[in-house]
Each structure stands twice: as structure tokens, then as C-alpha cells.
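Every chain is named by a letter (A, B and C) in the order it is written, and numbering of its residues begins at 1.
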């Protein structure tokens, strides 16, 4: 495996093989599988769980990591073509990134959406541009429009919980958040659930429709897998008989990059906060999922988050396990 | 061993076993003892020696670490219960800490005193609250009221120097410092020396009495070990025939959390600075100990710090060695 | 090997042995050669490539690193003798550095020129003072006047490209830069090329003569190796038949530590920027070398940097490989 960027690049069977490998490495650790192997971690955006779960994943298999983070001298990393660099930026991605990549046997890259032009973010322009600068095997650690590690961990969490794939009902719900949030997790989650064969409903208020390209991709995955995709602003209808509500916030595509303009439509939506009443007509053991970090009392009440429906800790713990599988597939001598 | 929080949780014999293990690992390195093992290092307060001595300790036994530090996105880590998180904090300890802990096979936590309420700090409320959030084996890397790694290293240093336990005389002396300093090291040192069986004298000016709960705990340890505990503001009396002066500064409990009010009683105390005259009636080879960092010319003169009495470098070097023993006991397959 | 501070401390044969070891480790990895070994990395100045290439180098041989960086509590690290530390600095190098060194089996130190007194920087006063505080094997990761890891990597790059040593012509050219830049790389490069036996020409405008002590050292190396050393401000003359132009900027020794005064002589020199016209009478395959980071459009045009002459990525990649050789020689059981 030379690129782990999008679950859509893999077959359902390949995903199942990765999840089985994650399980095997959990039950039968291989502390020397990656000895002498190095993962380069390039963070152009901040991180907590992703950073430390990748560090731990490599260590558990005998390898190691180094980190390049926004706090380092890369603050002023220039990416424009044809620029005369006589300002504060002392380094260009065309020199920096190939070298950073070459010091590792694989590289993980995080680069959040720039939120200037919607089309650039939907086409993952920055991540793909960075990945084009080297030949080293590469992992998407969250880009403008994808987050395959989160989605693979969530897939494992759904499997672990016994949530049905065929016939399983997942609601992806928008919630209020003080900031405009990225599209990466909602887009990746939607596609993951559809690819898994679930009946997926996007629940969101007017103005928060997901972009067509995101919906179309998920719809194709649903068609191939026998799942389905719907969209509504009717909470009771969406939640009826649901097995999982996956909660996240995302920016309005209509007001993309314009917080002031979005704040106007968002001001009346603070009641888009998950509480116990959401589950009234859901399946009895309907689960609450969220990729973290989550704002208590804003996104969800303490009652739900601290109650038995919440599986957010398990989701985060599965991050490390599935990333071990991806790294093992990418780097171990026995796999290549 | 699932918790290393307080030397008081161990018997004298168990301490001696840890110190013997430290010595054995020094003389006979075991570079594969912890292969594939990961120590999570959670710093809610800054660190230099503690951070790098734990990193090196794991590496020397074939394991590794990852670090979560105040510079990371945990800056705004919320800890209050029932809070509505619509301010700058994006994450709550109830989600963050269990995940951070779960990515490691053990976790070290540093959380200095908050210095708001003396009772909270004396009962180590924050550290114990954090440690209650997970089941992973845990090491106290300095909390509001304890610093067991420093005390274990100091115990080793005393042993290495041949300072007698029974009949050995240790003075724990307050010194002037521009800032109000934590109670953790003085409290831990006092208990360690008393537990080791030494005759311990707390030397401090009026207003810098250690809290009763700290003194009482040390007195009980002294009684059990055959040592003794005294307190005075008379330097000559305290230092007479002493084998060790252990120097530190600490905040006045009377003015806890109120720097302005404490500054008034502290203003006349700048002569509480160790110099050669302190040792006039001490034992001939009386040692100078300090946990570092130490302010030259403020806490102690260059003459003493650069002279043969000073063992501050040895103390710091022993940090790594005793932590290797603690980690080996906690994590190696042969110990569990 | 206990000190890697200056290529001048090694014979030509010893350099060739290090480069052969680098090649061997590249072709035949030794992922357990340094198991349980720790490299302490002390950065008193910022770093990107040096930091991560040393981290990766240790990991590839089964060892590890820890990092002490300017962002940590060492910000206020005091170094003056006889100081009363009642300001913001809480720690002195005399306590901090021996401890940092002792936690590793070797230590790398970076400390850029302070640019206050030229003589202090030319004599590498700060680096040598730091290195005098411990007995641990030590690597210069760029000091005021040396950068042996960069020079060893550049030597390897020249060998890899087949640039002749005897008879090979290298131009070390000053270029315009918005900031006054250190002398370390130009001084180290000049000596390296001379030691390799090349015919070296320093090309620089009036006011940018390299200090006599730098020129004299390189001249002696050239005499011993059969090379030569010249200096000019005539670009066409310097570049004629050259095999390599090694580009860097450096501060004017005449205006050392006085940016305002230097800016006056520098203001007319923005045309000291490498473009295709520089190569008109060079050897046909004349190479462009630069240690990175490089400012596009300021130091060199995109045409040159993105064209076939540029070997800047290879230079950076060789950093990791030669550092593996230095570390293997310093730390592996088979070498000591």
C-alpha cells in the first residue's frame, strides 16, 4: 500500500482485511514488525489524538516517528509558485516537503481546509499538491475533505458494537458549534457508512446541505453496497429506528469562508445540541458517536456523553489500532 | 505495580528492591526489556529534567514515549463538571485523558499545584481526579503535594554517598526565591528522609512552617522507621553535625495563593541563601542537595554549588536510573 | 569517536571511511546496531532538517533521541559566570547541560553565532564552553563557525555526483539575503572543499571577504591536499569551467553584529542572485548546491532551483545518511 488517502480507493474486502489485521495486532502484538522503520509526521494543522496515536502505533511495532509541526520553523512555509521570497517565509514546500518525506519510510500529512475557495477544498487541492512532491508512501491524517483514519476507526467501532451493515441505520447529524468547522469528517463519515452498506440519513438545518460532490460520492457507494442515502431537516423522522447518531458540525457551503455571513443563519440554531429527547424513537440501544474533541453542553449534554449510548472513547482508541494495521501493511517486510 | 504516586505506599524493603533494580539496570542494561511498550507523558505543567529522563529511561529499555504538553492544543483543557463549553476550551479532561492514557501501556502525569485552595493542593485533588479517569498504570511526575520520582532519586543519592539512614542527620531548609514555590518537593523530601530513618530538621523562618498534614505524615514515617522530626528557625542549631542540607523554597501556607500578601513577610528574608558559613558546625563532609533548577547567587552561592559539597548533578542523574526501575517493574513482562 | 566538531580533526582517509560506512548502512540497514542507545539533542537555535535527520538516523539503527529545544523552559538559560539569578532565567548551563548530556549516550548541540563579538564566534567560544561541561561524546549540529554534518553530507554529494576532487572546481558564492547570515556554513564548506583537494574560489562583493582565520585554515587544507584557494568579486572569472557553485549568504565581517551598518553596503547587491546567466562559461554539467532553507527568487531563480543543475534535495537527504555513519562510529558496540 503506497497511499492511504480515501476508503473509496479500497474494496470492501480490503477494508475487512485491514480491520482483521488491526484485531490480530491487538491480540498478538508484533513489537519487532517495523524495527528500524520511521514514519514522518507532517502537521500543517494542530493535532492531539492523531499525533499521539500514530506515535504510539509505530512504537508498538518497534519503529518510530519524528514530528514536523506548525510550532516549528515551518510557520512561514511558502507554497505559492513563482514567488519572490523576500518576506518572513524562509522556506518553500518544494524543498521542505520532499526532504521531510525522504527521512521517513512513510509520511503522514495533516493539512486542514484553507476555507478560501470551496472548490479547492472539495478537490483536496492542497493535500494532493503536497503528496505530488515525493514518492514516499503517504497517509492522509486529515485533509480538507477526507479523514480516512477516523473513518476506518469508526468502521471498526461499528463492527465491534455489532451494528448491522446491511439494514443498519446511521444518522449523520449537524450540530451547532461556535466556529465554522471542516467538511472532512462529515464527508468521510458519510462515505464510510454508505460503503459499509448502511442506510444513511443526513440530518441538518436549512443552509447546511452537504455539497453535491460529497452527496454524490456517498450515493454511489451506497448503490454499490446495497445501502441508501437520504437527507432531511426533520429530526424525528431521521432518528426513527436509528442504530447510530454520528454527530459533527460543519461549515455552511453557501457561506463558505465567510464566518460573518454564516453567523446570521447559525444564530437561531443553538438547539441543534444532542440530548436524551433525540433518542425517543430511535432503536433502544442507539449509539452516540463523535470524532472528538467535543464541546460538552454545546454539542451534546453531559447526560448523553457520560451515558451508555456514548462510544466516543472507543472510537478514539480504535484510531491507534487501525493505524497500526495501515502502517503494518505499508511498512512491514512481510507485507511488501 | 499499577501506581507510583507516593513512597508511603511502599515498604522500606520494596524501596530497597527498586533501588537494587535501578543499580542492576545501570550495570547490566536490558535494551529489549520493554520492546513495544509505550509510556504516555502528560504534562499539564512545564518540565525539563522529568521529561527527558523519562524519555531516555524508556528508550534504554527498548520502549518509547509520546508527549502531551501545555504547548499543544490542551491549553484550553476544561476540567469543570457541568460546564457549557462555549468559550475557548475545545476539549474536556473526561474525553481527553482516558484516550491519552489508553494509547500507552502506562502514563506519567505532571500537574503542579493550582495554588487556589490549600486544602485542594494538600489532598492532591487534581492529580487524583485525573488518575481516576483511567485504569492504565500511572506515575506521579510531580503533583500538587508529591514528587515520588525525585524522592526515590534522592534516596538513591543518599545511599550512593554512604549517608547513614539510622543516625543520619538531614536538614530540609527553606531558602528565599522570587516566586512562591510548590510544596511538593519539600513535602516529599521530608517524608522520604523520615521513612529512610534519618533525623530530620525543618529549618525555616517564621511564616514558613510546613502544613500540619505534611508534618504529621513525616512524623509517622519517622516513628515507624526509628527516625525523628524537628522544626526550627535557628540555623546554627539545625545545621549542627548535619550530614545533608536539602535546600528548596516553598510558599507560605499562611498566605497561600496570595503572592502580594506573602511578599510582605518575604521581603526581609533574602539572607536565606546557602553559603559556606552555613556549614561551620555541620559534619565535615556535609552535602548540599537541591532538586534543580537552582538560581545561582539567589538560593545558593557559586562557592557551595561548584564545590565538593554539591551533589545536585548526581541527584538529577539518578532520576533517570530510578525511573528505569519503576518502569521496568510496571511494564516488563518478567515483572507482571 | 568522542567528538565530531570539525572535519579538520580527521584525516582524508578517515572521512572516506565514514562515507563508506554511510553507504554500507544505506545498502545494508542495521536496525539493531544502536538498540538501547540514546542521543540527546540540545537545540539552542532553531532547526528543521538537522532535528529530524538526527531523529530518523537514530531510529533507523534501533536507538532513539530526546530533544531539548528553545521552546522549552531553557528559554531563560543563563550562561554568565558569577551572576545573581534573580531575573527571569531560572536555570544555569552549569547545572542544565551536564544533566542533559548525561541522559544520553551522546549529545548533539546546536548553538548559532551570537553575533556580538566576531572573535568569540570565530573561536567558537560558546560551543566549546558548552562542550567543556561534560564528558559525553558530542556532535556539533552547527555552531558559530562550523557545521561538520552539513560538510560531510556535501562531500558525499560531490562524491555521488562524480565531481572530481583533484582538479574539481568549486565556487563558493555569496548571495544577497534580507538578514545577516552566519559564517558557519561558508567557513565549513570552504574547508571541506579545500580538504577534498578541489580548486576553490570564493566569489563575493567588496565588503564580504571571509575573515583571515577562515581563509587561512582553508588554505592550509588546500596545500595539504593538493587543492587551491582563490578569492574574487569577478563572477565570470570565478565561474569559468567550474563544476559546482555552492551558494550561501553570510554577514559582512566588517560590520559584524551591526545590521544597520551592513544594510548600507548590502542595498545595492540584490543582483547577487543565481540565475541561468551565471553558468554561461561554467562546465556543462555545473551543479548548484545550497544547504537549505533557500529563498526562491531571492537567492536563486526557480529556473535554476527546479532545473537539472540543482542537487539541494540530495544534499539534504545525505545529511541523514552521513549522520548515521557518525552515530554508528560513536555509539555502536562493534565500533567502540
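The working rule: contacts are C-beta pairs under 8 Å (C-beta built on N, C-alpha and C of every residue); 3 or more make two chains touch, one makes a residue touch a chain.
Since the structure is predicted, the reported quantities are computational estimates derived from the model, not experimental observations.
Q: To test your reading of the model: what rotation angle superimposes subunit B on subunit C by C-alpha positions, in degrees to the nearest 5?
A: Resulting rotation angle: about 120 degrees.
Q: What's the call on subunit A versus subunit B, same or different interface residues, using the half cut on shared numbers?
A: Different residues, largely: of all residue numbers at this interface, under half are found in both copies.
Q: In angstrom, rounded to a whole number, how far apart do the mean CA points of subunit A and subunit B lie?
A: 41
Q: Enumerate the residues of subunit A that touch no fewer than two other chains.
A: 64, 71
Q: What residues on subunit B touch subunit A, complex-wise?
A: Spelled out, the residues of subunit B in touch with subunit A are 35-38, 40, 63-66, 68, 71-74, 78, 81-86, 90-92, 94-96, 98-100, 102-104.
Q: Considering only the defined contacts, which subunit B positions touch subunit C in the complex?
A: 29-32, 46-49, 51-53, 55-56, 59-62, 64, 71, 178, 292-298, 302, 305-306, 312-313, 316-317, 320
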